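Two complexes come next, and they have one chain in common, subunit A, joined by subunit B in the first and subunit C in the second.
Then we have the complex of A and B:
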């Protein structure tokens, strides 16, 4: 444990354990992952809470994220200013939500934010199109994409306002059998 | 603390109280925020009292008495002072939208509120002029009003304390950024720290503090223990690396790890309770016939080829049933080994059953009802098909392709739902395919039966070749290797949807394995019966040999004859050990075949494809041989059947579980390596989460099926007369009866006899069936109620929506997003009905409240309050998806405030 104490104080570690789904060891591991991304940028001493941000380019180069079509959205949603540059706190937040232990509601809330490309609080047809295009790398024709979007709205839009609100989304995702196992990043 | 109540308080506090104490700004505001349930009546009462004695108040204002009451007073004051803050912050939590503004306003309010409050408190006590001998550290007045107040305060602190603690415990579930979580956490912890000790009275106080201390320590211990536990979970990083191939591959390895854990427990059970005591305390090797290699085998007993077949020294070791002695107790501990052996055999099955069923139950708890999934095909594809675990570009490519095809498939399905081209041809082909597969199954079953029979012939002969000795295992492994691909080829005839096809394929492989295993068992049983029928003659031979040896003439009568060397005693064939050896060999050969397949089929193929690709006519990687896929379903089935063999064999070969632990350990590393080095991910996506219970179900079935033969042998076959812990008994389970008779008091024995009476067992079984029937019907009715509730929620949502549109039109003047905010909150909840009442009430209330007292509300905080409430409601981010309770509570209040925001600024 010796040199771990120098990175965080005991209280910081306890607080992080209260605020995330991680154990002490995992938090340390995450910290070192974070530190590895930009060794010259991130100090090895976090006891005084330095204000450091790792740029999005480095975050998205992590093997956990680099093949994810939604990596930019994920980084934007969890970063403070929506620009994808992350502090350690944001970083921990992100992987805490994505961890196995996080409850379905929390995951659903953030999944909604991720799929809401234009940040307007609703998943509209445009957002859906973006999602499909990212998922299939644009291999579907325009008609197919619009048909799929139409179908999704048809299925999940509970109040028929032509877009998915958070509730519609939660209502739908609550029944998805695979959501918990796929919306999950092991770190 | 429900917000509805708060709503009512709001009326009471600002209406009644505010009117009475118009001179003190902010108090109305403050009491309004108190979450206590008894608040409204008290507020009125206090207010009434106040209203009646305004002069007293003024009189006493300037002259507080010195002394201890004063000190207590101050203490209490501090207490209350801080209560205001937590009260607010808990409000913050439940009504999140308001939080920001509140934080800003709170300082101001506090500054304004504090002095008058203090004075009033002082005044109340002084005017009562009562001795303050209260145990409570808070309010010391002894009038009934004061009493109830202090009780309330306590209750309130307690309540808030509980809230804070809950907040700390659920902090990680909040969808807030980390900075905010940390801040809230610190606040909550400070509050808890401060008030934990202040509660409780007199002696109770110390006890309470002590209890808190213990609770804190306990939490810390639990966390440390959890930390420790996660550190103990093996292969976390390995599985994480594998996870880049997608969740389904990872799920296989997690299953493997789980299996390893179960086997470790079984191993510990058997090793600790049977093998170790026998080795430490039992009679040593070579002392009695069953523990000695017979004279005829002695020369070759140490040869590797013999040991490899589990003959020779291994056969007469503690790894097998036959080695154990039937002495009732062994060693100075008087350890009852036969009893322990039996109980361990039973508990191996008991533990496995329990653990499998428990993990099945926990799997089902997580999943939601399956029935209504059909409505969301496209949505699920859209939002849950990407596997966030994927961190490998090849897997990602595969995933993109499979998602695209699945979208296309569903589009096609949607466009032309079930239009069969030639239904007759398909039917014919399917029947044909099934016929072929049944033929294959029967053929393989017969082949195994034939081979096992032949091997029994071989075992009687001398000088059999290596192939003849291992024929059974070789044939079974070959069948297991070549039948599944054959089935797959036949299944292409059927033209099923891939997912249905996969299920059929799994079912067929399962049937094949099961059929093979059971034919093997049947053949083995024949052998066992043969051996049992020979036993009588062997028994006679042994008896006569010993008799002749001791009574033979030509020996000096005065010196007693040395006992016959155990190696020379003729003995029976010990069918239990034979069965155990069969299972042992089967397991080992299965393991070897698996490894060789991986090595040849995967690794060499991958090497070939990789390196010969430079000098080959066509593209090997994309073309014909390509890389091998990692066959998840086949591997899982293999694992399950292997486990079935372990369960069956472990009673007759206690060492089998140890072998299996080794096997799982090596295959963890070996298969990991193979997957990483030479496999490509499965193209056909097999969903991990859905299938996990499917696998567990198969495991349960296999467990049950492997329980049957063991139970049969225990219950209805007599054990061998000269080997094993139960030798000399009529049946194996007699050991229980023996223990009960000899080691328990007689009345217990009587009770057991009584319990074993069929007259009692049959009603018990009947009762169990009835209970199952009852629970089943209860769960059915519950699920029906569930469905109805869901329907109701849907309907309420519709109603709420129409309601929203109506109110939106009437108050159309307001900005659009305020209305949206309101509706968003209003539609969140199934509790909309309750939401309506405070809703309309506050709507009617607000105007006259405004009219009646502009003083209370209009000053400092009053003016900012409603407006900013409205603002915060409009913020779309002020929504919390977690915590099922908080939402129902927040909503009525928020919709109410939203309303007041809409109506108030005129």
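Then we have the complex of A and C:
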């Protein structure tokens, strides 16, 4: 197939292909999705590696993300400065990790970061409360939420320090065969 | 690898470490093993500062919940800055924040890959980004490395790997895309430099380069195939819409349909290549009598014009096609067309059907075991809350209404979760019922006992089982009817053709009934329920539809022996079914309200496909091949007693052919016809299964021990932190008191 695209150099496209789980065609398709979000902002020529960030509001208006209760955390985790504004690299990274070819360990690592709301490297009870509130759209009472959080800590906390470390989280993910199919965004 | 850790305790002087603050090592109250890690991180900490003090005041302290909690080193106390510094240097605090930790972990992993340690060590099981002690090659890494040096080492190791493995490792790293590109660039430039320097020297570098070139070629071929396959899949967008609107469980039905398409294509290819194609190229002499004209009815009945075509068994000749002709005795000449390889049709028919079934069996068993391995875990019965909170949100869902349904589902699930032990025990019973398939009294007694419980998932499984049993009973009766009675009745006619046509009719009518069911069950019901009953749209009945697919596939497998083109018809039927079901789904149905576990469902579907369906078809096939007498007027086995005899005849011919191929008849006589090897193989299989069970038991025990160990380590850590804190508090108090005493003395002096 002749690829007469002028957006990337050949080496850039090869690099993207080797570092993500996407093929050339998919990378081009993703680029055009990214460009559609902010046509005035994103240039059509990336050979000079321009430093362009699409603001978070536009990212969260994507149909794949707009009804996702964790969209803000997802954007923050994958963005460069943790503020949700994403460059093309961040964008590709996000969809590569959320694609169906990413291995379980990689997804578990990023899922842990997403659920760690205060970025302290652990999922503590406060993080759990935030997660449960977002999952149920605030429709559970405060006692029910804290009850659920307590049960989660009881079940998953292996070294009994009152919060979940990355290993506890990965152990728990191993026991959940559905994780690979639910932690997946099709684009 | 049990080397004792021998270290000299000497804490390096960091810029903030001046003054009267003593090092905890003076007290010999801290374990030696923290030295290495503290030294490594102390540089980083000196630059970054105390990370604990930068934390937001968001998360409150967990009150005493029965766990041993930290005595307050979380609060930024002024007194124990040294404790805080040490705590901030702990390896567990570097999770997800330290690139250095990730890089060093991957450096160790690639080092191990390169050295190819043959015996799998327990530490290879570690999956965390936390640089625990075990991952450190302590005797080879005595000097604390900077992050840049570690990065350089990682790049060096990467370029020593073969290209495919390097890409695989690179893709799996949890680093940002820009960093991965840098690492890739650097590893490539280093490779190029090394290659340029080495030049042509001896055989081994050549082999390495050849191997690399082969791997690269295979890799790009694989990528090309993958992208080609993706282009061939025309349903990517359709599946995305379905998944986005209805979730993973409904999507699993359509994915199952796609899998069945693949199975049928796999079945059709050898049949097309070895049977249909060859027979169509060498058609048998035309049958006496006029060929009936084509009326439209043939498409429904399969008879009429279609009877004497490649579609059915009766058309196939029982001679060797394309045989090199023996010149007749009266000195005539051979016709020139008979050139080339002879093709024994009866043998080809038997072997092709057998090999096609065998390949299908292997593929089914492999996909079933793979799916089983993905969806069932040892010890997976506990932790339903954690799994619900972290793994139940389906990120594929993109429609507002469907995500609302998900929110409701999760809320209901969290409010009243079904305990998984109960679920597991209840699931075992329907499975046993399916397998045994005994008489109605047992079944009804069990179901009556079950129906006292009120679990929606169980309801569904029971419904599946009842349906399945009904369909299998129907098919069983049909098979008996065909092979038992019809053979006797249709003695002089071509009964195989008749069976083939019956199966064709069954398939076509099944398709028509599915269409009608979709029309009435979904469209009309939606109209009725919306206008008259004022209820919501009906749900998509996943179980019923999947059983329909399995039933259709069973019919195909049953009929393949008598009608080699049946898989093609099944493929057409599946293609039409996909679009019809998708249209009906979008227009008439809503997302299911019950919590379905998509991966469990796929496993159950494939297992149902394998066990009653394929096994039953295989049993039917074996009986037809071994025991039933083929009709004497048509087909490739018309002169033989059983279809299997074609193989026997061939073996006998081989015996006479000469000593060069005598091993085939030997194998046939001593391994296939003899019953002893069968017993031996069964005994071996049983032994392997038993060994596997024991291995799993052992692994479960090891898991339990490891869990205990983790718990103990956690307690050790908390104990040590508390001790550290108390030591520093004591020191601060003493320092404070001496300061006060000095101040007092100074005051006295000035006085």
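To be clear about the criterion, the second predicted complex is superposed on the first by the 183 of 187 C-alpha atoms of A that agree within 3 Å, B and C clash if a C-alpha of one lies under 4 Å from a C-alpha of the other, contacts with A are read in each partner's own complex, and residues count from 1 in each chain.
By definition in this document, a contact is a pair of C-beta atoms (placed from the backbone, for glycine too) under 8 Å apart; a residue touches a chain by one contact, two chains touch by 3 or more.
Keep in mind that what you see is a predicted model, and the values were worked out from it rather than measured.
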| item | value |
| --- | --- |
| Touched partner set for A:41, first subunit B, second subunit C, both or neither | neither |
| Touching partner for A:116 - first (subunit B), second (subunit C), both, neither | second |
| Touching partner for A:142 - first (subunit B), second (subunit C), both, neither | neither |
| Which of subunit B and subunit C A:125 touches, first, second, both or neither | second |
| Which superposed partner A:159 touches (first subunit B, second subunit C, both, neither) | both |
| Touching both subunit C and subunit B, counted on subunit A across the two superposed complexes | 15, 17-21, 23-25, 63-64, 66-70, 80, 89-90, 92-93, 96, 98, 103, 105-106, 109-112, 115, 121, 128, 131-132, 135-137, 139-140, 144, 148, 151-152, 155-156, 158-159, 165-167, 169-170, 172-186 |
| Complex interface listing, subunit A residues touching subunit B | 15, 17-21, 23-26, 63-70, 80, 89-90, 92-93, 96, 98, 102-103, 105-106, 108-112, 115, 121, 128, 131-132, 135-137, 139-140, 144, 147-148, 151-152, 155-156, 158-159, 165-167, 169-170, 172-187 |
| Contacting residues of subunit A [partner subunit C, same complex] | 15-21, 23-25, 63-64, 66-70, 80, 89-90, 92-93, 96, 98, 103, 105-106, 109-113, 115-122, 124-128, 131-132, 135-137, 139-140, 144, 148, 150-153, 155-163, 165-167, 169-170, 172-186 |
| Residues of subunit C defined as touching subunit A within the complex | 55-56, 58-60, 62, 65, 67-70, 92-97, 127-130, 167, 170-174, 176-178, 180-181, 184-185, 223, 226-227, 230, 239-240, 243-244, 248, 374-377, 379-380, 382-387, 389-400, 403, 407, 410-411, 414-415, 597-600, 707, 710-711, 713-715, 717-718 |
| Complex contacts: residues of subunit B adjacent to subunit A | 168, 171-175, 177-179, 181-182, 185-186, 223, 226-227, 230-231, 239-240, 243-244, 247, 250-251, 366-370, 372-373, 375-380, 382-393, 395-396, 400, 403-404, 407-408, 411, 414, 687-690, 794, 797-798, 801, 824, 827-828, 876, 879-883 |
